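Order of writing sets the labels: A, B, C and D. Residues in every chain begin at 1.
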Amino acid sequence: MIDKRVRDIAEGLEGIQDGSTVMVGGFGSVGQPDSLIEGLIEQGARELVIVANNAGSGHVGLAKLMEAGRVRKIICSFPRSAGSVVFEDLFKAGKLELEIVPQGTLAERIRAAGAGIPAFYTATGVGTKIAEGKETREFDGKTYLMERWLPADVALVEAWRVDRWGNCDYRGSGRNFNAIMATAAKTTIVLARKIVELDEILPENVVTPGLFVSRVVPFQSNVPV
Amino acid sequence: MIDKRVRDIAEGLEGIQDGSTVMVGGFGSVGQPDSLIEGLIEQGARELVIVANNAGSGHVGLAKLMEAGRVRKIICSFPRSAGSVVFEDLFKAGKLELEIVPQGTLAERIRAAGAGIPAFYTATGVGTKIAEGKETREFDGKTYLMERWLPADVALVEAWRVDRWGNCDYRGSGRNFNAIMATAAKTTIVLARKIVELDEILPENVVTPGLFVSRVVPFQSNVPV
Amino acid sequence: MSEFTPLSRLAMAARVAHDIPEGWVCNLGIGIPTLVADCLPKDREIILHSENGILGMGPSPAPEDIDPWVINAGKQNVTLLEGASLFHHADSFAMIRGGHIDLCILGAFEVAENGDLANWATSAEDAAPAVGGAMDLAVGAKRIWVVTEHTTKDGAPKLVSHCSYPLTAPGVVDRIYTNLAVIDVTSRGFEVAEIVPGLSFEALQAQTDAVLHRKES
Amino acid sequence: MSEFTPLSRLAMAARVAHDIPEGWVCNLGIGIPTLVADCLPKDREIILHSENGILGMGPSPAPEDIDPWVINAGKQNVTLLEGASLFHHADSFAMIRGGHIDLCILGAFEVAENGDLANWATSAEDAAPAVGGAMDLAVGAKRIWVVTEHTTKDGAPKLVSHCSYPLTAPGVVDRIYTNLAVIDVTSRGFEVAEIVPGLSFEALQAQTDAVLHRKES
């Protein structure tokens, strides 16, 4: 029997190596796998490269991971937001590498990694600072940038309902980066808000088919309030 | 009020020009918009470039359109199948141009057109006849082909439930090429098996959001049995 | 001396909303553009898109109706209209980059007379700029309208002959709505379509760092 | 003279099925590979993928249970298991090309000792070849197993030193199941893992157009 469910967060995060590239899903507070990030602090991996839309805020989750000195580099579209004090301090102190990627390019690079496409062309960023050092090319008289895929070692994803094969759906605006990051990592770890039977998500309503998922972690809040 | 519903097939197909590139959805018999193809024969546009997975069979639908001499070129992955006699005769007689595209490359080229990606790289076809005349490039020590997007003037799509905004879902294996072709054409014409109220397809279950759809045609069978 | 009243932020939003035809799919940036949502004419169906995967956003919810799982790109709670759909980030930006969004309304630090837009970083040396989805929207949407105060708080022009800030995208802005005027970006540069009552063309020109043209009639 | 019985098509399919571990996601090509579906051990969960957008295909339906909306890549009616999912062609081939399919089982016209696969066109001048999803599967799946008769109906070898037919993909085949043997494609070429009882290594070699190696033990 295929059963990707693990006992708890610690088992879900087993084996994450120092130096790993780790994708963190979610957009705003929706679909952020906070308790997996807290678990990653416990787990202890260092020198991480984080791929996420934001760079955390306050002193919890991603910000706490950075504050603990575990992050070498962050690849994101919008690091500077209300409360991103940890990021700003580390960045100013030169203790954190930053790669800024336009949000759509970030999404497409992640999707490309999942789809076996090593590079693609996009109009986004042409004629801006983002284009510096990147190849440009004309198609049908218009200029485009070449962008590379962005694969990861690990993806931390939060889903709504998940079954033992790893089939997922998402609630509200929760699929955001979660559904694409799930496809782009060697190991995809899904925090399941609800673990359900195999037949509960109808075939036409599965958003992330189970073949993308490595481990299913039952939701439990270890996040300090 | 936004209302993309049209009266009938003739109104749905109005304005399709000679020389248009027309995508035809479906895979096998599932999701093939047969009555739109029959309507296109009535409508009269000539010199069409057809994008579809197959090249028709028997003497109905796509085969009938080709037999009527309306097709200049077909872009597909699998033209030669049981009953593809019309295609084979026209092809042997030099009356039909053929572009063979691996099925995954065909799907990705269509998706790329919908997503604003003029070109991408793929490993599919490297070292084969398909690579002839195409640019190759190495990424991380592996060779890939560059493939271009494949946009269309018109997409003929069959969906299951469709509302007045054009939101669609699909039944069974029916989303196949339909869901991606809907994104890649200037004018997307959807044959709706059922026309439903705006709130009947839940937001999380919409497969083709309405912004991709130009016209919604109520299902009616004009296909000779 | 002429008497005139600059438009409030809400009045600017309402002025923009007035020009959006029924059926358009629109994406609203953060700031004044977000206010446009509340000013849309009730008799027109206009479909709002949010980068984080929503088409068909409705108004803000009453406090008791908040669904914490439904937020917009500005991380505010929103509602879903009947006919709404939900999707992931790659599909959402495929809509944007594939040219399926009729209109994007953005704020700006500067707009140049050739349509160049600068709205993501206030200096080339900016320590940690945050681009978000602005560049994708600027090149992907069919039309870009900017809504902004005509000048900075210090009175410096935001409509300029050349942008001094890092560009979001070159040559993309179609129209600018300020608290003083409505200005089209055309092949000959800034063309004034409308000025608030009581403000002269010359007084508007004085607050603008590029030549303004009178609309040809 | 030795006595031996070549495997039937169904026996070949069963032999392949025997080697598929629980949990693998497999795509089955047309022909003998399709038969593998009916031979899967009942005590193992193996997930079948179909290019046209199905994961979790079940067995063929009884005539009265046919749902005409659910077909496989060979256009045959199939069923969906509990846990199945449905998606469009771009997502389906993203699974294939992104390396998410553990195994693809394909038929072949020829397989070369370096793993080259020819299974889509029988001559370079073929009037209208039909490639379908074969090239995508050949380069995208984690492993390619070929199942085929050892020779053509005319007795010509299908396991060759160099393919004469147009390639589907170079260097992709990992293992070959024929009606006479199981053969691994290794860095030193064809390595015989198994021969049908009663057939000698030499007799197998005689029906093969490339050097066969004995498995090192």
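Assume contacts are C-beta pairs under 8 Å (C-beta built on N, C-alpha and C of every residue); 3 or more make two chains touch, one makes a residue touch a chain.
What you see is a predicted model, and the numbers here were worked out from it, not measured in a lab.
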Selected interface, B-C versus B-D, where C-beta contact pairs are more numerous: B-D
Geometric centre distance via CA averages, chain D-chain B, whole Å: 29
Centre-to-centre distance between chain D and chain A (centres being mean Cα positions), rounded to whole Å: 35
Distance from the mean Cα position of chain D to that of chain C, given in whole angstrom: 55
Chain D, residues touching no fewer than two other chains: 86-87, 93-94, 96-97, 140
Multi-chain contact sites of chain B, meaning residues that touch two or more partners: 108, 111, 115-117, 122-123, 170-171, 204, 207
Chains touching one another, given as label pairs in label order: A-B, A-C, A-D, B-C, B-D
In the complex with chain B, residue positions of chain C that touch it: 22-23, 25, 45, 47, 49, 55-56, 80, 82-87, 90, 93-101, 140
Complex contact set, residues of chain B against chain C: 1-2, 111, 113-117, 163-165, 167, 183, 197-199, 203-204, 206, 209-212
Chain A partner contacts - residues on chain B that touch it in the complex: 108, 112, 115-123, 137, 139-140, 142, 144, 148, 169-171, 204-205, 207
Of chain B, residues touching chain D in the complex: 27-30, 77-81, 87-88, 91-92, 98, 100-108, 110-111, 122-130, 170-180, 207
Chain D - residues contacting chain B, complex: 50-54, 67-71, 75, 86-90, 92-94, 96-97, 121, 124, 127-136, 139-140, 166-170
